[in-house]
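We call the chains A, B, C and D, going by the order they appear; numbering starts again at 1 in every chain.
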Amino acid sequence: MFTAEINLRVRYGETDRMGYVYYGNYAEYYEVGRVEALRALGWSYKEMEDSGFLLPVHSYSIRYFKPALYDDELILKTSIIAMPTARIHFRYEMYNRNGDRLNEGETILVFVNAETKKPCAPPEAFIKALQPYFPQ
Amino acid sequence: MFTAEINLRVRYGETDRMGYVYYGNYAEYYEVGRVEALRALGWSYKEMEDSGFLLPVHSYSIRYFKPALYDDELILKTSIIAMPTARIHFRYEMYNRNGDRLNEGETILVFVNAETKKPCAPPEAFIKALQPYFPQ
Amino acid sequence: MFTAEINLRVRYGETDRMGYVYYGNYAEYYEVGRVEALRALGWSYKEMEDSGFLLPVHSYSIRYFKPALYDDELILKTSIIAMPTARIHFRYEMYNRNGDRLNEGETILVFVNAETKKPCAPPEAFIKALQPYFPQ
Amino acid sequence: MFTAEINLRVRYGETDRMGYVYYGNYAEYYEVGRVEALRALGWSYKEMEDSGFLLPVHSYSIRYFKPALYDDELILKTSIIAMPTARIHFRYEMYNRNGDRLNEGETILVFVNAETKKPCAPPEAFIKALQPYFPQ
(Lines give C-alpha, C1' and ligand atoms only; values in the text may rest on other atoms or scores of the structure.)
Protein backbone atom coordinates (compact mmCIF):
# COMPACT_ATOMS: atom_id res chain seq x y z
CA MET A 1 0.00 0.00 0.00
CA PHE A 2 1.18 3.50 -0.73
CA THR A 3 -0.04 6.34 1.52
CA ALA A 4 0.52 10.09 1.36
CA GLU A 5 -0.70 12.79 3.70
CA ILE A 6 -1.66 16.40 3.06
CA ASN A 7 -3.11 19.31 5.00
CA LEU A 8 -6.05 21.39 3.82
CA ARG A 9 -7.64 24.49 5.31
CA VAL A 10 -11.44 24.80 4.94
CA ARG A 11 -12.45 27.83 2.85
CA TYR A 12 -15.49 29.97 3.62
CA GLY A 13 -17.08 29.21 0.28
CA GLU A 14 -16.89 25.49 1.05
CA THR A 15 -19.20 25.77 4.06
CA ASP A 16 -22.99 25.74 3.86
CA ARG A 17 -25.73 27.28 5.99
CA MET A 18 -25.45 24.46 8.56
CA GLY A 19 -21.94 25.84 9.14
CA TYR A 20 -20.42 22.57 7.90
CA VAL A 21 -18.38 21.82 4.81
CA TYR A 22 -21.00 21.05 2.16
CA TYR A 23 -21.23 17.29 1.69
CA GLY A 24 -20.40 17.60 -2.01
CA ASN A 25 -17.12 19.44 -1.47
CA TYR A 26 -15.18 16.51 -0.03
CA ALA A 27 -14.87 15.11 -3.56
CA GLU A 28 -12.58 18.03 -4.40
CA TYR A 29 -10.53 17.49 -1.23
CA TYR A 30 -10.13 13.85 -2.19
CA GLU A 31 -9.05 14.92 -5.68
CA VAL A 32 -6.33 17.09 -4.13
CA GLY A 33 -5.36 14.10 -1.98
CA ARG A 34 -4.86 11.77 -4.93
CA VAL A 35 -3.06 14.37 -7.06
CA GLU A 36 -0.62 14.99 -4.24
CA ALA A 37 -0.26 11.23 -3.64
CA LEU A 38 0.78 10.85 -7.28
CA ARG A 39 3.17 13.80 -6.92
CA ALA A 40 4.75 12.16 -3.85
CA LEU A 41 5.43 9.18 -6.15
CA GLY A 42 7.13 11.49 -8.66
CA TRP A 43 4.09 11.68 -10.97
CA SER A 44 2.17 14.69 -12.12
CA TYR A 45 -1.48 14.03 -12.87
CA LYS A 46 -1.35 16.93 -15.31
CA GLU A 47 1.58 15.43 -17.22
CA MET A 48 -0.17 12.07 -17.25
CA GLU A 49 -3.14 13.74 -18.97
CA ASP A 50 -0.90 15.72 -21.29
CA SER A 51 0.85 12.49 -22.33
CA GLY A 52 -2.43 10.91 -23.39
CA PHE A 53 -3.95 9.24 -20.33
CA LEU A 54 -7.28 10.42 -19.03
CA LEU A 55 -8.35 9.25 -15.58
CA PRO A 56 -12.12 9.63 -15.24
CA VAL A 57 -13.69 8.55 -11.98
CA HIS A 58 -15.62 5.28 -12.18
CA SER A 59 -17.14 5.28 -8.71
CA TYR A 60 -16.98 7.24 -5.51
CA SER A 61 -18.30 6.62 -2.02
CA ILE A 62 -17.97 8.43 1.26
CA ARG A 63 -19.18 8.01 4.84
CA TYR A 64 -19.43 11.10 7.00
CA PHE A 65 -18.74 10.75 10.74
CA LYS A 66 -18.31 14.37 11.86
CA PRO A 67 -18.49 17.60 9.90
CA ALA A 68 -15.45 19.68 8.98
CA LEU A 69 -15.98 23.30 10.03
CA TYR A 70 -14.91 26.65 8.65
CA ASP A 71 -11.16 27.33 8.95
CA ASP A 72 -10.48 23.81 10.22
CA GLU A 73 -7.08 22.41 9.35
CA LEU A 74 -7.74 18.99 7.91
CA ILE A 75 -5.39 16.05 7.58
CA LEU A 76 -6.12 13.85 4.58
CA LYS A 77 -4.50 10.43 4.17
CA THR A 78 -4.74 9.03 0.66
CA SER A 79 -3.78 5.45 -0.12
CA ILE A 80 -3.40 3.41 -3.28
CA ILE A 81 -4.60 0.09 -1.94
CA ALA A 82 -3.79 -2.28 -4.77
CA MET A 83 -1.44 -2.47 -7.73
CA PRO A 84 -3.31 -0.62 -10.52
CA THR A 85 -4.55 -2.40 -13.61
CA ALA A 86 -6.76 -0.40 -15.98
CA ARG A 87 -8.31 0.68 -12.70
CA ILE A 88 -6.71 2.44 -9.79
CA HIS A 89 -8.25 2.26 -6.37
CA PHE A 90 -7.78 5.09 -3.84
CA ARG A 91 -8.87 5.13 -0.21
CA TYR A 92 -9.17 8.32 1.88
CA GLU A 93 -9.33 9.12 5.58
CA MET A 94 -9.83 12.65 6.86
CA TYR A 95 -9.09 13.95 10.35
CA ASN A 96 -9.24 17.31 12.07
CA ARG A 97 -6.57 18.73 14.44
CA ASN A 98 -8.26 17.08 17.44
CA GLY A 99 -7.68 13.71 15.84
CA ASP A 100 -11.39 13.17 15.15
CA ARG A 101 -11.95 11.00 12.11
CA LEU A 102 -14.34 13.10 9.99
CA ASN A 103 -14.98 10.88 7.00
CA GLU A 104 -13.57 8.11 4.88
CA GLY A 105 -14.12 7.25 1.27
CA GLU A 106 -13.01 5.46 -1.84
CA THR A 107 -12.70 6.21 -5.51
CA ILE A 108 -11.96 3.97 -8.44
CA LEU A 109 -10.53 5.71 -11.51
CA VAL A 110 -9.98 4.22 -14.94
CA PHE A 111 -6.95 4.74 -17.16
CA VAL A 112 -8.34 5.78 -20.53
CA ASN A 113 -6.43 6.35 -23.77
CA ALA A 114 -7.19 9.99 -24.67
CA GLU A 115 -7.40 9.16 -28.39
CA THR A 116 -9.35 5.95 -28.44
CA LYS A 117 -11.31 6.81 -25.26
CA LYS A 118 -10.89 3.16 -24.28
CA PRO A 119 -9.58 1.76 -20.99
CA CYS A 120 -5.87 0.99 -21.10
CA ALA A 121 -2.98 -0.12 -18.92
CA PRO A 122 -1.29 2.57 -16.81
CA PRO A 123 2.10 3.93 -17.94
CA GLU A 124 4.79 1.28 -17.33
CA ALA A 125 7.00 3.67 -15.39
CA PHE A 126 4.10 4.36 -13.07
CA ILE A 127 3.77 0.66 -12.31
CA LYS A 128 7.49 0.55 -11.59
CA ALA A 129 7.26 3.49 -9.20
CA LEU A 130 4.59 1.65 -7.25
CA GLN A 131 6.27 -1.79 -7.15
CA PRO A 132 8.26 -1.16 -3.93
CA TYR A 133 4.96 -0.57 -2.12
CA PHE A 134 3.40 -3.83 -3.29
CA PRO A 135 6.01 -6.53 -2.68
CA GLN A 136 4.96 -9.97 -3.82
CA MET B 1 -41.51 3.89 -3.27
CA PHE B 2 -41.88 7.57 -4.04
CA THR B 3 -40.19 8.96 -7.16
CA ALA B 4 -39.92 12.50 -8.52
CA GLU B 5 -38.27 13.73 -11.69
CA ILE B 6 -36.54 17.01 -12.48
CA ASN B 7 -34.60 18.54 -15.34
CA LEU B 8 -31.25 20.24 -14.97
CA ARG B 9 -29.11 22.10 -17.48
CA VAL B 10 -25.30 21.73 -17.14
CA ARG B 11 -23.60 25.05 -16.36
CA TYR B 12 -20.22 26.01 -17.79
CA GLY B 13 -18.68 26.34 -14.34
CA GLU B 14 -19.68 22.75 -13.58
CA THR B 15 -17.48 21.32 -16.35
CA ASP B 16 -13.80 20.56 -15.98
CA ARG B 17 -10.89 20.54 -18.41
CA MET B 18 -11.86 17.06 -19.66
CA GLY B 19 -15.03 18.78 -20.93
CA TYR B 20 -17.14 16.69 -18.55
CA VAL B 21 -19.17 17.66 -15.51
CA TYR B 22 -16.66 17.47 -12.66
CA TYR B 23 -17.20 14.23 -10.74
CA GLY B 24 -17.77 16.15 -7.50
CA ASN B 25 -20.62 18.26 -8.87
CA TYR B 26 -23.20 15.50 -9.12
CA ALA B 27 -23.64 15.70 -5.35
CA GLU B 28 -25.22 19.13 -5.83
CA TYR B 29 -27.47 17.81 -8.61
CA TYR B 30 -28.60 15.02 -6.30
CA GLU B 31 -29.27 17.60 -3.57
CA VAL B 32 -31.53 19.49 -5.98
CA GLY B 33 -33.20 16.16 -6.80
CA ARG B 34 -34.06 15.36 -3.21
CA VAL B 35 -35.16 18.91 -2.34
CA GLU B 36 -37.55 18.86 -5.29
CA ALA B 37 -38.72 15.34 -4.36
CA LEU B 38 -39.65 16.66 -0.92
CA ARG B 39 -41.37 19.66 -2.52
CA ALA B 40 -43.39 17.31 -4.75
CA LEU B 41 -44.60 15.70 -1.49
CA GLY B 42 -45.64 19.11 -0.18
CA TRP B 43 -42.54 19.56 2.00
CA SER B 44 -39.97 22.31 1.95
CA TYR B 45 -36.52 21.25 3.03
CA LYS B 46 -35.93 24.84 4.16
CA GLU B 47 -39.02 24.86 6.37
CA MET B 48 -38.02 21.50 7.80
CA GLU B 49 -34.69 23.05 8.83
CA ASP B 50 -36.37 26.22 10.09
CA SER B 51 -38.72 24.11 12.24
CA GLY B 52 -35.81 22.41 14.00
CA PHE B 53 -34.79 19.39 11.90
CA LEU B 54 -31.34 19.23 10.39
CA LEU B 55 -30.69 16.60 7.73
CA PRO B 56 -26.95 16.02 7.43
CA VAL B 57 -25.78 13.42 4.93
CA HIS B 58 -24.58 10.18 6.50
CA SER B 59 -23.25 8.48 3.38
CA TYR B 60 -23.11 9.00 -0.36
CA SER B 61 -22.12 6.77 -3.24
CA ILE B 62 -22.21 7.18 -7.00
CA ARG B 63 -21.29 5.13 -10.05
CA TYR B 64 -20.47 6.99 -13.25
CA PHE B 65 -21.39 5.34 -16.56
CA LYS B 66 -21.11 8.22 -19.04
CA PRO B 67 -20.17 11.85 -18.53
CA ALA B 68 -22.64 14.71 -18.63
CA LEU B 69 -21.42 17.42 -21.00
CA TYR B 70 -21.70 21.19 -21.10
CA ASP B 71 -25.23 22.46 -21.82
CA ASP B 72 -26.70 18.95 -21.61
CA GLU B 73 -30.26 18.76 -20.40
CA LEU B 74 -30.29 16.13 -17.70
CA ILE B 75 -33.18 14.12 -16.33
CA LEU B 76 -32.79 13.19 -12.68
CA LYS B 77 -35.08 10.64 -11.02
CA THR B 78 -34.98 10.73 -7.23
CA SER B 79 -36.64 8.03 -5.14
CA ILE B 80 -37.29 7.54 -1.45
CA ILE B 81 -36.87 3.79 -1.32
CA ALA B 82 -38.07 2.96 2.18
CA MET B 83 -40.25 4.48 4.88
CA PRO B 84 -37.92 6.82 6.77
CA THR B 85 -36.95 6.19 10.37
CA ALA B 86 -34.29 8.46 11.85
CA ARG B 87 -32.66 7.80 8.48
CA ILE B 88 -33.99 8.56 5.05
CA HIS B 89 -32.67 6.72 2.04
CA PHE B 90 -32.65 8.34 -1.42
CA ARG B 91 -31.73 6.71 -4.73
CA TYR B 92 -30.87 8.67 -7.89
CA GLU B 93 -30.71 7.90 -11.59
CA MET B 94 -29.53 10.44 -14.14
CA TYR B 95 -30.15 10.38 -17.89
CA ASN B 96 -29.37 12.67 -20.81
CA ARG B 97 -31.77 13.57 -23.65
CA ASN B 98 -30.59 10.55 -25.66
CA GLY B 99 -31.81 8.29 -22.89
CA ASP B 100 -28.27 7.31 -21.88
CA ARG B 101 -28.04 6.45 -18.21
CA LEU B 102 -25.17 8.64 -16.99
CA ASN B 103 -24.88 7.73 -13.34
CA GLU B 104 -26.73 6.38 -10.37
CA GLY B 105 -26.22 6.92 -6.69
CA GLU B 106 -27.56 6.80 -3.18
CA THR B 107 -27.53 8.98 -0.12
CA ILE B 108 -28.59 8.29 3.43
CA LEU B 109 -29.49 11.36 5.49
CA VAL B 110 -30.19 11.51 9.22
CA PHE B 111 -32.93 13.48 10.91
CA VAL B 112 -31.22 15.46 13.66
CA ASN B 113 -32.83 17.65 16.32
CA ALA B 114 -31.30 21.10 15.73
CA GLU B 115 -31.07 21.80 19.48
CA THR B 116 -29.83 18.52 20.90
CA LYS B 117 -27.88 17.65 17.74
CA LYS B 118 -29.10 14.06 18.25
CA PRO B 119 -30.83 11.77 15.73
CA CYS B 120 -34.60 11.92 15.98
CA ALA B 121 -37.76 10.67 14.28
CA PRO B 122 -38.94 12.58 11.20
CA PRO B 123 -41.91 14.98 11.54
CA GLU B 124 -45.12 12.95 11.93
CA ALA B 125 -46.87 14.75 9.10
CA PHE B 126 -43.98 13.84 6.83
CA ILE B 127 -44.46 10.17 7.63
CA LYS B 128 -48.18 10.58 6.85
CA ALA B 129 -47.45 12.20 3.50
CA LEU B 130 -45.30 9.22 2.55
CA GLN B 131 -47.65 6.46 3.73
CA PRO B 132 -49.61 6.17 0.46
CA TYR B 133 -46.35 5.28 -1.32
CA PHE B 134 -45.47 2.50 1.10
CA PRO B 135 -48.63 0.38 1.50
CA GLN B 136 -48.29 -2.45 3.96
CA MET C 1 -30.64 46.92 -25.77
CA PHE C 2 -31.57 43.24 -25.57
CA THR C 3 -32.83 41.85 -22.26
CA ALA C 4 -33.79 38.32 -21.21
CA GLU C 5 -35.08 37.09 -17.88
CA ILE C 6 -34.63 33.78 -16.11
CA ASN C 7 -35.53 32.22 -12.78
CA LEU C 8 -33.07 30.41 -10.55
CA ARG C 9 -33.59 28.53 -7.30
CA VAL C 10 -30.78 28.79 -4.69
CA ARG C 11 -29.18 25.41 -3.97
CA TYR C 12 -28.01 24.37 -0.50
CA GLY C 13 -24.42 23.98 -1.63
CA GLU C 14 -24.43 27.58 -2.85
CA THR C 15 -25.00 28.98 0.64
CA ASP C 16 -22.26 29.63 3.18
CA ARG C 17 -22.16 29.59 6.97
CA MET C 18 -23.64 33.12 7.12
CA GLY C 19 -26.72 31.50 5.54
CA TYR C 20 -26.29 33.64 2.42
CA VAL C 21 -25.39 32.65 -1.13
CA TYR C 22 -21.58 32.74 -1.14
CA TYR C 23 -20.42 35.97 -2.78
CA GLY C 24 -18.43 34.03 -5.38
CA ASN C 25 -21.40 32.01 -6.62
CA TYR C 26 -23.21 34.86 -8.35
CA ALA C 27 -20.68 34.61 -11.18
CA GLU C 28 -22.20 31.25 -12.09
CA TYR C 29 -25.74 32.65 -11.92
CA TYR C 30 -24.66 35.45 -14.26
CA GLU C 31 -23.16 32.86 -16.60
CA VAL C 32 -26.51 31.06 -16.71
CA GLY C 33 -28.13 34.44 -17.38
CA ARG C 34 -26.00 35.22 -20.39
CA VAL C 35 -26.18 31.70 -21.83
CA GLU C 36 -29.97 31.85 -21.66
CA ALA C 37 -29.95 35.41 -23.11
CA LEU C 38 -28.03 34.05 -26.10
CA ARG C 39 -30.45 31.12 -26.37
CA ALA C 40 -33.39 33.57 -26.36
CA LEU C 41 -31.70 35.17 -29.39
CA GLY C 42 -31.50 31.80 -31.11
CA TRP C 43 -27.86 31.19 -30.23
CA SER C 44 -26.28 28.37 -28.32
CA TYR C 45 -23.13 29.34 -26.45
CA LYS C 46 -22.03 25.72 -26.77
CA GLU C 47 -22.40 25.75 -30.56
CA MET C 48 -20.57 29.07 -30.71
CA GLU C 49 -17.63 27.41 -28.94
CA ASP C 50 -17.90 24.28 -31.06
CA SER C 51 -17.77 26.41 -34.22
CA GLY C 52 -14.48 28.01 -33.18
CA PHE C 53 -15.30 31.02 -31.01
CA LEU C 54 -14.13 31.10 -27.42
CA LEU C 55 -15.62 33.74 -25.14
CA PRO C 56 -13.33 34.23 -22.14
CA VAL C 57 -14.35 36.83 -19.58
CA HIS C 58 -12.29 40.02 -19.67
CA SER C 59 -13.70 41.72 -16.59
CA TYR C 60 -16.42 41.24 -14.03
CA SER C 61 -17.86 43.47 -11.33
CA ILE C 62 -20.74 43.11 -8.91
CA ARG C 63 -22.33 45.17 -6.16
CA TYR C 64 -24.26 43.32 -3.46
CA PHE C 65 -27.31 45.05 -1.94
CA LYS C 66 -29.03 42.20 -0.12
CA PRO C 67 -28.14 38.54 0.19
CA ALA C 68 -29.94 35.75 -1.61
CA LEU C 69 -30.97 33.04 0.82
CA TYR C 70 -31.35 29.28 0.65
CA ASP C 71 -34.25 28.10 -1.53
CA ASP C 72 -34.98 31.67 -2.72
CA GLU C 73 -36.44 31.93 -6.18
CA LEU C 74 -34.36 34.53 -7.97
CA ILE C 75 -35.19 36.60 -11.01
CA LEU C 76 -32.18 37.49 -13.13
CA LYS C 77 -32.38 40.08 -15.91
CA THR C 78 -29.49 39.94 -18.35
CA SER C 79 -28.94 42.65 -20.94
CA ILE C 80 -26.60 43.10 -23.88
CA ILE C 81 -26.12 46.85 -23.58
CA ALA C 82 -24.25 47.66 -26.77
CA MET C 83 -23.75 46.19 -30.21
CA PRO C 84 -20.84 43.75 -29.77
CA THR C 85 -17.47 44.29 -31.42
CA ALA C 86 -14.67 41.92 -30.45
CA ARG C 87 -16.10 42.59 -27.00
CA ILE C 88 -19.58 41.91 -25.73
CA HIS C 89 -20.89 43.75 -22.71
CA PHE C 90 -23.53 42.17 -20.43
CA ARG C 91 -25.33 43.80 -17.53
CA TYR C 92 -27.19 41.88 -14.81
CA GLU C 93 -29.83 42.70 -12.22
CA MET C 94 -31.04 40.16 -9.68
CA TYR C 95 -34.25 40.28 -7.65
CA ASN C 96 -35.97 38.00 -5.16
CA ARG C 97 -39.71 37.20 -5.08
CA ASN C 98 -40.36 40.22 -2.83
CA GLY C 99 -39.04 42.50 -5.54
CA ASP C 100 -35.88 43.35 -3.57
CA ARG C 101 -32.96 44.16 -5.82
CA LEU C 102 -30.22 41.83 -4.51
CA ASN C 103 -27.27 42.72 -6.70
CA GLU C 104 -26.25 44.08 -10.05
CA GLY C 105 -23.16 43.49 -12.11
CA GLU C 106 -21.41 43.61 -15.44
CA THR C 107 -19.18 41.38 -17.48
CA ILE C 108 -17.20 42.06 -20.61
CA LEU C 109 -16.34 39.00 -22.69
CA VAL C 110 -14.02 38.81 -25.68
CA PHE C 111 -14.64 36.88 -28.88
CA VAL C 112 -11.49 34.83 -29.45
CA ASN C 113 -10.63 32.65 -32.44
CA ALA C 114 -10.16 29.17 -30.93
CA GLU C 115 -7.24 28.41 -33.29
CA THR C 116 -5.25 31.64 -33.27
CA LYS C 117 -6.31 32.50 -29.68
CA LYS C 118 -6.62 36.12 -30.90
CA PRO C 119 -9.58 38.46 -30.49
CA CYS C 120 -11.91 38.45 -33.47
CA ALA C 121 -15.23 39.81 -34.69
CA PRO C 122 -18.38 37.96 -33.56
CA PRO C 123 -20.16 35.64 -36.04
CA GLU C 124 -21.95 37.78 -38.67
CA ALA C 125 -25.27 36.06 -38.13
CA PHE C 126 -25.04 36.89 -34.44
CA ILE C 127 -24.65 40.58 -35.26
CA LYS C 128 -27.70 40.29 -37.53
CA ALA C 129 -29.78 38.69 -34.80
CA LEU C 130 -28.98 41.61 -32.51
CA GLN C 131 -29.57 44.42 -35.03
CA PRO C 132 -33.32 44.80 -34.32
CA TYR C 133 -32.45 45.61 -30.71
CA PHE C 134 -29.96 48.31 -31.58
CA PRO C 135 -31.70 50.52 -34.19
CA GLN C 136 -29.53 53.31 -35.51
CA MET D 1 -0.57 49.61 3.16
CA PHE D 2 -0.43 46.06 4.48
CA THR D 3 0.35 43.24 2.04
CA ALA D 4 0.49 39.47 2.50
CA GLU D 5 1.36 36.76 0.01
CA ILE D 6 0.14 33.21 -0.33
CA ASN D 7 0.54 30.31 -2.74
CA LEU D 8 -2.34 28.33 -4.18
CA ARG D 9 -2.37 25.23 -6.40
CA VAL D 10 -5.16 25.04 -9.02
CA ARG D 11 -7.49 22.06 -8.41
CA TYR D 12 -8.98 20.02 -11.22
CA GLY D 13 -12.52 20.86 -10.18
CA GLU D 14 -11.70 24.56 -10.50
CA THR D 15 -11.01 24.31 -14.23
CA ASP D 16 -13.65 24.47 -16.93
CA ARG D 17 -13.94 22.97 -20.40
CA MET D 18 -11.75 25.74 -21.86
CA GLY D 19 -9.01 24.25 -19.64
CA TYR D 20 -8.85 27.50 -17.65
CA VAL D 21 -9.79 28.22 -14.06
CA TYR D 22 -13.49 29.10 -14.25
CA TYR D 23 -13.87 32.89 -14.06
CA GLY D 24 -16.12 32.60 -11.01
CA ASN D 25 -13.59 30.65 -8.93
CA TYR D 26 -11.14 33.51 -8.40
CA ALA D 27 -13.54 34.95 -5.80
CA GLU D 28 -12.72 31.98 -3.58
CA TYR D 29 -8.98 32.42 -4.14
CA TYR D 30 -9.33 36.07 -3.14
CA GLU D 31 -11.25 35.01 -0.03
CA VAL D 32 -8.34 32.73 0.93
CA GLY D 33 -6.01 35.68 0.27
CA ARG D 34 -7.82 38.02 2.64
CA VAL D 35 -8.30 35.40 5.35
CA GLU D 36 -4.57 34.67 5.31
CA ALA D 37 -3.79 38.42 5.23
CA LEU D 38 -5.82 38.80 8.43
CA ARG D 39 -4.04 35.79 9.94
CA ALA D 40 -0.66 37.34 9.10
CA LEU D 41 -1.83 40.33 11.17
CA GLY D 42 -2.67 38.01 14.07
CA TRP D 43 -6.41 37.92 13.35
CA SER D 44 -8.63 34.98 12.62
CA TYR D 45 -11.58 35.76 10.40
CA LYS D 46 -13.41 32.90 12.11
CA GLU D 47 -12.85 34.34 15.57
CA MET D 48 -13.95 37.74 14.32
CA GLU D 49 -17.24 36.17 13.23
CA ASP D 50 -17.55 34.15 16.42
CA SER D 51 -17.09 37.34 18.48
CA GLY D 52 -20.01 39.05 16.73
CA PHE D 53 -18.68 40.71 13.58
CA LEU D 54 -19.94 39.60 10.20
CA LEU D 55 -18.05 40.75 7.13
CA PRO D 56 -20.29 40.48 4.08
CA VAL D 57 -18.86 41.58 0.73
CA HIS D 58 -20.20 44.89 -0.51
CA SER D 59 -18.61 44.90 -3.96
CA TYR D 60 -16.16 42.89 -6.01
CA SER D 61 -14.41 43.50 -9.29
CA ILE D 62 -11.78 41.62 -11.26
CA ARG D 63 -9.90 42.04 -14.50
CA TYR D 64 -8.54 38.93 -16.18
CA PHE D 65 -5.27 39.22 -18.13
CA LYS D 66 -4.25 35.59 -18.59
CA PRO D 67 -5.92 32.38 -17.47
CA ALA D 68 -4.66 30.23 -14.63
CA LEU D 69 -4.33 26.61 -15.74
CA TYR D 70 -4.75 23.25 -14.09
CA ASP D 71 -2.06 22.44 -11.49
CA ASP D 72 -0.54 25.96 -11.78
CA GLU D 73 1.10 27.26 -8.65
CA LEU D 74 -0.32 30.72 -8.14
CA ILE D 75 1.07 33.61 -6.12
CA LEU D 76 -1.60 35.86 -4.66
CA LYS D 77 -0.74 39.24 -3.12
CA THR D 78 -3.49 40.68 -0.95
CA SER D 79 -3.34 44.25 0.33
CA ILE D 80 -5.40 46.31 2.75
CA ILE D 81 -5.10 49.64 0.99
CA ALA D 82 -6.60 52.04 3.52
CA MET D 83 -7.26 52.18 7.25
CA PRO D 84 -10.63 50.42 7.66
CA THR D 85 -13.72 52.27 8.82
CA ALA D 86 -17.00 50.37 8.73
CA ARG D 87 -15.61 49.29 5.37
CA ILE D 88 -12.42 47.45 4.62
CA HIS D 89 -10.88 47.62 1.17
CA PHE D 90 -8.76 44.77 -0.18
CA ARG D 91 -6.75 44.71 -3.42
CA TYR D 92 -5.48 41.51 -5.06
CA GLU D 93 -2.84 40.66 -7.64
CA MET D 94 -2.32 37.14 -8.92
CA TYR D 95 0.76 35.76 -10.69
CA ASN D 96 1.85 32.38 -12.00
CA ARG D 97 5.32 30.85 -11.58
CA ASN D 98 6.50 32.52 -14.82
CA GLY D 99 5.80 35.90 -13.27
CA ASP D 100 2.83 36.54 -15.58
CA ARG D 101 0.25 38.77 -13.95
CA LEU D 102 -2.98 36.77 -14.37
CA ASN D 103 -5.59 39.04 -12.83
CA GLU D 104 -6.15 41.80 -10.35
CA GLY D 105 -9.20 42.73 -8.35
CA GLU D 106 -10.72 44.53 -5.43
CA THR D 107 -13.30 43.80 -2.78
CA ILE D 108 -14.93 46.07 -0.24
CA LEU D 109 -16.34 44.34 2.83
CA VAL D 110 -18.49 45.84 5.56
CA PHE D 111 -18.17 45.26 9.29
CA VAL D 112 -21.64 44.29 10.47
CA ASN D 113 -22.81 43.70 14.04
CA ALA D 114 -24.08 40.11 14.03
CA GLU D 115 -26.99 40.98 16.35
CA THR D 116 -28.24 44.27 14.98
CA LYS D 117 -27.19 43.40 11.38
CA LYS D 118 -26.07 47.03 11.08
CA PRO D 119 -22.70 48.36 9.91
CA CYS D 120 -20.30 49.04 12.76
CA ALA D 121 -16.72 50.04 13.49
CA PRO D 122 -14.09 47.28 13.30
CA PRO D 123 -12.72 45.81 16.57
CA GLU D 124 -10.41 48.37 18.23
CA ALA D 125 -7.55 45.92 18.56
CA PHE D 126 -7.77 45.26 14.83
CA ILE D 127 -7.32 48.96 14.14
CA LYS D 128 -4.31 48.96 16.46
CA ALA D 129 -2.75 46.01 14.66
CA LEU D 130 -3.01 47.90 11.38
CA GLN D 131 -1.71 51.27 12.60
CA PRO D 132 1.98 50.54 11.97
CA TYR D 133 1.15 50.02 8.27
CA PHE D 134 -0.66 53.33 7.92
CA PRO D 135 1.60 55.95 9.53
CA GLN D 136 0.14 59.45 9.58
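The rule is short, and it goes like this: a contact is a pair of C-beta atoms (placed from the backbone, for glycine too) under 8 Å apart; a residue touches a chain by one contact, two chains touch by 3 or more.
Please read these numbers as outputs of a predicted model, since none were measured by experiment.
Between the interfaces A-B and A-D, more contacting C-beta pairs are found at A-B.
The greatest centre-to-centre gap from chain B, using C-alpha centroids, is found for D. Mean C-alpha position of chain A lies 34 Å from that of chain C. If you average the Cα atoms of chain A and of chain B, the two centres end up 24 Å apart. Chain geometry summary: the mean Cα position of chain A and that of chain D are 28 Å apart. The residues of chain B that reach two or more other chains are 12-13, 18, 24-25, 27-28, 31, 70, listed in rising order.
Of all residues in chain C, those touching chain A in their complex are 12-13, 15-19, 22, 24-25, 70. Partner chain C is touched in their complex by these residues of chain B: 9, 11-13, 27-28, 31-32, 35, 44-46, 70-71. Residues of chain D touching chain C in their complex: 18, 20, 23-28, 31, 54, 56-64, 67.
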